[in-house]
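Dropping the structures in below, format is C-alpha cells.
In what follows, chain A forms one complex with chain B and a second complex with chain C.
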Partner chain A sequence: MTQAPLSLSQRLGWGLLGVTLLLGLWTLLTATGFVPRQFLPSPLEVATRFTTLLTSPFAGATLPVHLASSFQRYAYGVILAAAVGIPLGLLMGWFRLLDDIVTPIFDALRFIAPIAWVPFAALWFGTGMGGPVMIIFAGAFPPCLINAYRGARFVEPRLIEAARMLGTGHIRMILEILLPAAVPSIIAGLRVSAGLGWQSLVGAELIVAAAGVGFMMVQAQGSVQTATVMSGMIAIGVVGMAIDVALRQGESWLRRRRGLES
Partner chain B sequence: MVGRRAGIGLTTVASVGVTWWLLTSVTGIVGSARFPSPAEFGVSLNQILTRGYAGAGLAQHAVHSLKLVVMGFAVAVVTGIPLGLWMGWDRRVEACVNPIFLVIRPIPPLAWIPLAILWLGLGDAAKIMVIWFAAFVPSVINAFAGVRNIDRPVIEAARMLGTPRWRMVREIIAPAAAPMIFTGLRLSLQASWTTLVAAELVGALVGLGFILNMAQQDIYPGMILVGMVAVGILGWATTWLLGQAERRALAWNVAARD
Partner chain C sequence: MGSIRFQGVNKVFGPASSGVKVLDDINLDIAEREFVAIVGPSGCGKTTCLRMVAGFEAPTSGIVSVSGRTVTEPGPDRAVVFQQFALFPWKTVRANIDLGLRNKNLPKDQRDDLIANALKLMNLESHAEAFPHQLSGGMQQRVAIARAYVLDPEVLLMDEPFGALDAQTRVVMQEELVRLARVNPRTVLFITHAVEEAVYLADRVAIMTRRPGRIKEILDVRTVRQSENWDRFNKIEDVMDLESFVHLRTHIWRSLREEKGAQGV
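Up next, the complex of A and B:
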C-alpha cells in the first residue's frame, strides 16, 4: 500500500529471503546442536527420512500405502457429505417447511466441533473404516449443505416465477432451475468441505485408526521419531494441496464450459 | 412469519426430544450401549456435577479447556493481527512471508499435534501451541485482506495531511480493517475449539476432550453426550461473546468516524 506493487524480481527476491531465513534458522538450530536432534532433525534428515518412508514400511506400511488408506476414507467421507448435503440443501432452499424443520437442529449441532464426534463414531462404526468416515462426514457436511441452500435461495426470483408460470413441477424446478443456478455456490462449498474433511481425517486418524498417515504419525510420536512425524506432516500437506488444486481446476473448467454454453 | 418459524422450530426440537425418548427408553430400538436415554444422560450429568468424572468435576474440566482456548486464541490474535496489518501495509513483508505461508498452510493444524507433544509434552503448553497455530492463520489473512481493501484515496488523503505513522495505524488502518478482522477472529475461535478438542482427545489429563476420551474407553455413552453438550455450549457461548465484542467495537468505530 505504501508503494506501488513490486516487480516480479523484487517479489522473488523477498520471497527467497523469507524461505532462506526459515530454512537457515532451522539448519542453524540443528547444526549447532542448540536443539537436540531428537526434537528437531535437520531439514536434510527429514528429506532423507521422507524418501526412505516411500519404500520401507513404518507402523505396518510404507508411506504411500498409509496415504492410500487415508485417502480412501477421506473420499468416502467427502462423497457421502456431498451426496447428503447438496440435495438436502437444495430441498431446504425450495421447501420452506423443510428449512424451518432442519435449521434449528443444524444450528444446535453446528457448535459441536466435528472432532467431538470421535467417541460416538468409534462406538457406532468402529475404528477401521466407518468411524473415521463419519468424522470426515461431520467436518465436510456443513459447507455442502449451507452453500447448496444459499445457492438455491438466491436464485433470481424472475427465473422461478417464469418457470412457475409455465407450470414446472417441484422436481423439475429443483433439478433444472435451482441446481444449475446454485452450481457456483455449491462448488465453492465443496472446496471448503474438502479442506475441512482433510483436516477432520487427520484428527480422526490421530485418535482412532489402525492405518493411515495420522496413525503413522502417532506411532512415530510414541517412539520419538521426529523425522517420521515431520515426513507425515509433509505428506499431509502435499496431498491436501493437490486436492485443492484439483478442485480449483475443476471449478475453472466448469466455469469455462458454462461460459461457452450460455 | 417469525411466529411461524419459531413455532415450527419449537415443534421440531420437541419432536426430536420425544423421538430420542421413544427410541431409547420406551422401545429400546437404540440400545444404551449405542446412545444414552434421556434418563441416562441425566444420571451422567448428575454424576459429573456431584462426584466428578475423570478426576474432576464438570466445572473444573470446562474451566481448564476454556482457559486453554482463551490463551491460545489470545496469543494468536496478538501475534496474527499485527503481522497481517504489517503485510497489508508493506508489500515487501507480504512478499517475504507469503511463501512461508504457502508451504505451511496446507498442513492442517491438527497435524501439528504429534510434533507439539514431542516438543512440549502432554501438558498445557503443547495445546496452546497447536491452538495458536490453528487460530493464527485466519487472523493474519483477514487482517491482511482488511488493509488491502481500504480505499487508496483515504490513505493518500491522510498522508497528504501529514498524519504521523502511529496515528495512521490507530485511526485509519485499524478501524477500516476492523470488520474483516472480526470475520477472521470468528474463524480463529472456531478453529481454536476444534483443535483443543482434538488435542485433548489425543492426550490430556483434564479437560472436556479428556472426558470424551475416558468416556469412550469406558464405553459410557451418557458421559460422551455430556462432554459433547459441554463442548457445544462453550463453543456457542464464546462465539456469542465475540459477537457482542464485535458489535461494541464496530459501533464505537462508526461513532468515532461521525
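Up next, the complex of A and C:
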C-alpha cells in the first residue's frame, strides 16, 4: 500500500496519538484494578514519582545526577569503542593479513552479549568507572569496527588503483583514501554504536556501587519501588531517543556537507 | 623518458589451464617519446595490456618491461589516465594533483610551481580550488591528465580517456592532447576503440584481433603524418578530410570489421 508522505505536523500528531493510546490503555489497566498496582504502577503515580526524583535524591542522588553519572560512563565507553574500532577496522580493510588474523576472533566475540562480560568487567576493571565502561565498550565496539572495515574494504577499486599509481604509501592510503571514502559508513556505524552502547548501560550499571540510572533501578527493585524503576526506564528511553535524534541531525548535516563537497 | 616492451605476453583470467585466455603472445616495442594507440574490438584485451604496464595485473607468461625494468607493481613512473577519471572526490583539484608530488616528498614551493604549471597547461587555473563534482566531465579529465603529467612519468598510459566524454568535448580534448604532444612529447600507450582518434593522435596504431587478443597489424601513421604534413592543421576536421587520413582510417575499419565478422556479429 502506498501513501502520500505526511507533513511533519501530521506525523507528530499521529505519534502523539500513539502515546495517548498507550497511556490510555495503561490507565485503564491500572485504574480498574485489572493489574494490581504492585505489578504495574499507574501513569499518574509514575509521573509523580518521576517529578519527585528530579529534585529529591533516591539511592544517594537525584535522577539528573544519576543520569549524568550514567552518561559519563556511556560517553567514555562509546568514545573508546570508536577510538579502537575505527582505526582497527580501517587497518583490517587495507592489510589482508590483519583481516585474516582478527576476523575469526572478532566474529566469535561479537555474538557474546555485553552483559555476559559483567563478571569479568568487575573483576578486571572494578565496579567504579572501568567495569561499566568495558561493558558499554563491548556493546558499542562491533558496529564501529565492522562499518569502518566495510567502508575501507569496498572503496571504489579505481580510486585505490589511482592512489597506488601515484605512489601512495600505506599510511597516506589509509588516512587520505580509505578514511574519507569510508566516512558515510563509519557515521552510520557510530549511530548504531551509540544506540547499542546506551542499551548496554543498565547491564553495565548492575555492578556499579555508587550512582547511575541502572544503579538507581537496581536499588529500587530491591525495595519493590516499581514507580522508581519505571521512572528510570522512561529516563533511559527518552535520553536514548535524544541521542539518536542528535546523531541523526549530525549525520544529515555531514551528508549535506559532503553533498556539496564530494 | 621511457620505452615499453611486451615480450611474448600471454594472459589468462582464472586458472591457467581452464581459465579464459584474453591475450595471446603479444609482442610490441614502444620507443621513447613514441605515441602508440591500440585499437581492437571490445573484449579483445587491449585494456589488459595497459593494466599490465601499469602494474595492476601481471602477465600469465611473458614479460612486460618499462625502460628495461620488468613491471612488478604500480608506480608514479607509469602514470595512468582512466576512462572514468578516478579523481578523489573529497580532494580539490589542487589536492588531487598534489598527492603524487607529496608522495615523491618534494618540498612545498617546488610542488606549488609544478602544480601551477600543470594547471596552466591544462587550462585549469580558475578551478584549482574546485571539487571534482563541480566540474564537467571534460574538465575532470583535464585534471586527471594534469595529475598524470605533473609526475613527469617515464610513460603515460591512457585507457580510453575520452570514452566517457560527449562528442564535442572529446574533439577538444583530442586537439589538446596533440598540442601537448607537440610541446612536450611523451611515451604514450593509448587504448581506444575509436579509429579516428587513434589515427589522429598516434605515431603507430596497433590493431588487435578479437579474444584471445593478438596483435594483427601495426600501422605507421607518423610517416604519413610527416610526409603529408598533417601538423599544419590545428583542427581535427581538417586533418580528417585529408585523403591520407581517410585512407588509413578505412584500412583500420576494414581490419576491425573482419574481426567482428569472424565473431559473427
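As a working rule, the second predicted complex is superposed on the first by the 239 of 262 C-alpha atoms of A that agree within 3 Å, B and C clash if a C-alpha of one lies under 4 Å from a C-alpha of the other, contacts with A are read in each partner's own complex, and residues count from 1 in each chain.
Note that in this section contacts are C-beta pairs under 8 Å (C-beta built on N, C-alpha and C of every residue); 3 or more make two chains touch, one makes a residue touch a chain.
The structure presented is a predicted model; accordingly, all values stated were derived computationally and were not measured.
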| task | For A:Gly232, decide between first (touching chain B), second (touching chain C), both and neither. | result | first
| task | Determine, under the contact definition given at the top, whether A:Leu98 touches first (chain B), second (chain C), both, or neither. | result | neither
| Who does A:Leu25 touch here: chain B (first), chain C (second), both, or neither? | neither
| query | So, A:Val218: does it touch chain B (first), chain C (second), both, or neither? | reply | first
| task | State whether A:Leu175 touches chain B only (first), chain C only (second), both chains, or neither. | result | neither
| query | More residues of chain A are touched by which chain, chain B or chain C? | reply | B
| query | Which partner does A:Ala108 contact after superposing on A: first (chain B), second (chain C), both, neither? | reply | first
| said: Contact-wise, after the overlay, does A:Leu254 reach chain B, chain C, both or neither (first, second, both, neither)? | reply: neither
| said: Quick one: is A:Gly167 in contact with chain B, with chain C, with both, or with neither? Answer first, second, both or neither. | reply: second
| remark: Contacts of chain A common to chain B and chain C in the A-superposed view none
| note | In their shared complex, chain A is touched by residues of chain B numbered 4-5, 8-9, 12-13, 16, 33-35, 88-92, 95-100, 103-104, 106-115, 117-119, 147-148, 150, 152, 155, 193-194, 197-198, 201-202, 209, 212-213, 215-216, 219, 221, 224, 227-228, 231-233, 235-236, 239
| Of chain A, residues touching chain B in the complex | 1-3, 5-6, 10-11, 13-19, 22, 39-40, 97, 100-101, 103-105, 108-109, 111-120, 122-124, 198-199, 202-203, 206-207, 214, 217-218, 220-221, 224, 226, 229-230, 232-234, 236-238, 240-241, 244
| task | Under the touch definition given earlier, write down the residues of chain C that touch chain A in their complex. | result | 54-56, 73-76, 78-80, 82, 84, 86-91, 99-100, 102-104, 131, 133, 147, 151
| task | Mind listing the chain A positions that touch chain C in their complex? | result | 156, 158-159, 161-169, 172, 176-177, 180-181, 258, 261-262
